[in-house]
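Structure first, then comments.
Note that the chains are named A, B, C, D and E in the order they appear, and that numbering of residues resets to 1 at the start of each chain.
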Amino acid sequence: EEQTVRIATEGAYAPWNFSAPNGTLQGFEMDLAKVLCERMSVRCEIVAQNWDGIIPALTARKYDAIMAAVSVTPKRQEVIAFSKPYAAGINGFAVLADSPLANMPGTGESYSLDTQETAAKARIAEMAKVMKGTATGVQGSTTASTFMDTYFNGVVNLKEYKSTEEHNFDLMNGRLDAVLANATVLAAALEKPDMKGAKLSGPLFSGGVFGVIAVGLRKEDAELKAKFDAAITSAVADGTVRDLSMKWFKVDVSPRS
Amino acid sequence: MGFAPGGWGRDMLAATGLTVAIAACGFLTSVLLGALGAAALLSHLSILRAAGRLYTTVLRGIPDLLVIYLFYFGSSQLLALLSGGSGGFVGAPSFLTGVLAIGVVAGAYQAQIFRGAVQALSRGEIEAARAYGMSPVTLFRRIVLPQAVRHAIPGSGNIWQLVLKESALISVIGLVELMRQAQIGAGSTRQPFSFFLTAAALYLVITFLSGIAFRSLEARATRGIRKAV
Amino acid sequence: MDTSFLASSLATLVKGIPLTVQLSMISVSVGAILAFGLALMRVSGNAALDLSARAYIFVYRGTPLLVQIYIIYYGLSQFPALRHSFAWPYLREAYWCAVIALALNTAAYSAEIIRGGILSVNAGQVEAARACGMSQALMFRRIVLPQALRHMLPAYGNEVILMIKSTALASTITLMDVTGIAAKLVSESYRPIEVFTMAGAIYLLLTFIASHGFSLFEHAVTPDRRQPAPHRPAEPPETLQHG
Amino acid sequence: MAERIPEPVPAVALSGIRKSYGSVEVLHGVSLAAHEGEVISILGSSGSGKSTLLRCVNMLEVPNDGTVAIQGEEIRIDRRAGRPPRPSDAAQVQRLRSRAAMVFQSFNLWSHLTILENIIEAPVHVQGRDRKDCIAEGEALLERVGIAAKRNFYPAHLSGGQQQRAAIARALAMHPAIMLFDEPTSALDPELVGEVLKVMRDLAAEGRTMLVVTHEMAFARDVSTRTVFLHKGVIEEEGSSADVFARPHSERFRQFLARA
Amino acid sequence: MAERIPEPVPAVALSGIRKSYGSVEVLHGVSLAAHEGEVISILGSSGSGKSTLLRCVNMLEVPNDGTVAIQGEEIRIDRRAGRPPRPSDAAQVQRLRSRAAMVFQSFNLWSHLTILENIIEAPVHVQGRDRKDCIAEGEALLERVGIAAKRNFYPAHLSGGQQQRAAIARALAMHPAIMLFDEPTSALDPELVGEVLKVMRDLAAEGRTMLVVTHEMAFARDVSTRTVFLHKGVIEEEGSSADVFARPHSERFRQFLARA
């Protein structure tokens, strides 16, 4: 008999996961979930859950897995288990095109904090000189805020927002000089007319604190974790993840391993 | 927005319905608990008074979200314990837990409002009811309640509004009410303004309709009362 | 329970108290003044005043505070004219936006409470004031308000407590009050129950102080509900008055 | 001696009633028994404790000392130290109260009910009588006190005298065995005073027990069987009305009569 | 003829007063003038409109028709169609009211103020007099009505008669030129009635104008200069008190006197 796995997502983080009118869930992770479930030969049920309660409800067994662009962090690992990663976290800064930050050093480059740490740190030091004292926004409780705390502590005036739209607003109306967010999300936002005049500036960062994005699972469900690991490994290996990534983000976020 | 296929209208309306349902049930619960709480606060038994004070102080004092978490995760743990297994998620139904959590919090506010309303009543009229042999229940039902309603309506109307907004917190336990639906829409289309403004407009519609109900209740409750100002 | 974690969270959260208290106090006081004006408009008997106050209350009670904060903080900044006006240095600051939003919101709720208090004053009491030639204003100040105050204190106490808790929404517009810090701690530790319990304890303490203050105040202004004090402080003796 | 003849049980028996407000004692041990069918007038100057005494009969004020018995049944009072005394058995008090109707000095009509509703309230909801019957009877009573036209008015829209009459009708509608009247004619014009006193005389003839606080000397002398003069919380003079008015013992009461 | 002799200006002049509640008219065109120093008793059965008439004098009820003049100054009334009439000039009404103190049938003491505070409230805050003086005077007044011991009590803790005396003291403290009394002795015992009537006699001797709704025939006959008998909203009998009681014209008033 077929096993049912309930997967929770936020349903409000386009283009990773979002809802269409009438509640159908779509996005990169939804497509990926379908692929993974097929490969695990289980029946999947996807539920939408507010971000705020998403981890407690997992441990309370309301569902069995989370696919909601959750980054793997040591703190989260104390509470839940993670599968093998299915995406890398790539983040970048957006600024107004007519601001002094418009062409920060390293624009167009990208650095991995794992493999190119020294070079990345050198770039960060240069950027810190330009960004000193500016107001920078990040979404709270994300890897972006951890990155700023780690590398720009005391340099910029950091403000935390509930969502990326909100800091984008404040970037556009001049309360902020720069925002740092997931590059996929920023790229999607920059295409919209209301963000005309904003652009990416400085290098893209991945690895390190940005870590990787994986399926969140209960620690005791080792068997399910094994299944997910296997399915993800194969989907990464045969390029499925890369294809989905190009389809939804127009960049490749598949984890390099 | 809009109702065409691909429009969000239908979802927003459905969520509005759920919001009204949660709020209405939560409000009724709060009225019930508030009446009990006020009775305790006004009791001549000091132990009941203390219990009433504890209830109103603690439940008004701690963040509502915490109460909801405790009700939701607490009740599911309790149910799991009772059912003896640690199998799947033994779900206390979200709707019920949400309504209870909201009702218990709002009840603490209602208790204070009812207490104030009762204390504003004419002592003489209460004495008359006692003198005619009314039991506390009859006294409450026939004399205190109809008159206290008059003093309590403006404050209670505030609590109704509170409950209506509070229902938004229920989304953390997985119900898609109006505010959560707006967030979903905002995050999915990346157009927060249109969604939040629509939600605000829908809340206003609810307020408008419930305002009519409250006003007619108030008019009924003030029959025969000479207005001071 | 991990007591050392609880203790360290508490130590961090405590830093948010000054902001939470400031936001509460400023918005409650400003809100009370506005509410008083609105309540007067409501009972003025002047149709235009009544209607405009009613519309204000309708809109502010009828929409979620979160949306109001959102509109004041993000919505207003959409207008370039405003961004170039004298008000922008204030509206630019999340702090002032939060104060404005909270004060405007509590004004609507408090106005209803004050109106309820005014309406519960007995007609005979007002007639006696009119009959001895009190002006409307004097009557309000000396007779109606003191009596209305007694009746509305429980409901107003509710409102102040709600306000203290509502300041938590300021964290949605980047302010690091107790809730803002709590959210940050949760995101670092992923232990929401522990952190929120500690934050809850702080809010409980603040609201307890407020509600206790209200009980004391209510007790002080309702001597007529109690038996007369057996021995009032003695009036100064006759001889002293003449001396 | 007269051991075989059973003493009739008094309808109301107060014994050694003391009542304090705060630290001020306003009744200093008052004893009084009203037998069935007796009409007792309670006279006394303002502030002498008349209303308080009447309110002790139906436990609106719980005496700090002394006992109250209604139709032979003593009301049990819980007088544990350190808190105000109160009846031990609420149900008992309710039961006894529904046999003793009161007309208040300040009327205390229920402001949210019309006059007719005021009158049928207790009969229907306390005594559980049929609503229709009560309405018919209530209308007859209103007719009798001359305010039938006001039956659908709220108390706030009545004149003082009309309110007082409504309060009397409300008490009569209970068919109480015992009636407690606190200055029932204070707001009435002399014509109506006469009317109301006539009604009370009829009630007396029906054998109801009445305690009447009054300032109407004529009523005390001519209608009531017994007169009690209260002064500063103590009964100064008591006896059959005829006796008391003809041969007052107490100096204070003589003064009172002289000035009246 | 007598054109050169100026008519004295009446302290209170009512002319053609009509007052309706809803569709029921309770005063059907009442005219009445009280000259300085006059004491007018208003008699009438319950519900005849006495309180309403008195309340029209100080605009607590605004007449639907007719005029009210205080010391020669007519109160301007705004009677635009389609809404209840109201005074056009609030300041004028306040000014005139502060010269006419009222004792209410139901006392209406301010419940949040002690008795002494009740008494000094209007003198201090309306007339702007010195607080200390007012306190001294208030205490003297309380002494005079016999409730000095209760000066720091709240109204809820007073007996009916004590409240009524406090209400009288409150009115006296205003030193009003005109006094409106609505059954000022209803809650008092006969002794006190005598006292209060004596106070009123003194006031009359001081030349104050008084309108007194009363059920005390003795007061009407012996103290008041003029007596008015109101019946169903119409003045049925009016004249000098001596005349009216000696030779009543109206049949209705004769009946009233007979039954009293």
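Everything that follows uses one rule, which is that a contact is a pair of C-beta atoms (placed from the backbone, for glycine too) under 8 Å apart; a residue touches a chain by one contact, two chains touch by 3 or more.
Bear in mind the structure is a predicted one, so any value in this text is a computation, not a measurement.
Shared contact partners of chain B and chain C comprise A, D.
For chain pairs A-B and C-D, the one joined by more C-beta pairs in contact is A-B. Distance from chain D peaks, on a Cα-centroid basis, for A.
Between the Cα centres of chain B and chain D there is a gap of 45 Å. Centroids built from CA atoms put chain D at 82 Å from chain A.
Once the centre of each chain is set as its mean CA position, chain A and chain C turn out to be 40 Å apart. Residue positions of chain A touching 2 or more other chains: 56, 166. Multi-chain contact residues of chain D (touching two or more other chains): 21, 106, 156-157. Across the assembly, chain C contributes residues 74, 122-123, 125, 150, 192-193, 225, 227-228 that each touch 2 or more other chains. Contact between chains, per the stated criterion, is found for A-B, A-C, B-C, B-D, C-D, C-E, D-E. Here chain D touches chain B in the complex through residues 58, 60, 86, 90-91, 94-102, 104, 106-114, 121-122, 125-126, 154-157, 174, 180, going by the rule given at the top.
Within the complex formed with chain A, the residues of chain C that make contact are 74, 77-78, 83, 92, 94, 172-174, 176, 180, 183-184, 186-193.
Against chain E, in their complex, chain C makes its touches with residues 122, 124-125, 127-136, 138, 142-143, 146-147, 150, 221, 223-225, 227-228, 232. Interface residues of chain B facing chain D in the complex, by the touch rule stated above, are 44, 122, 124-125, 127-136, 138, 142-143, 146-147, 150, 221, 223-226. Partner chain D is touched in their complex by these residues of chain C: 123, 227-231.
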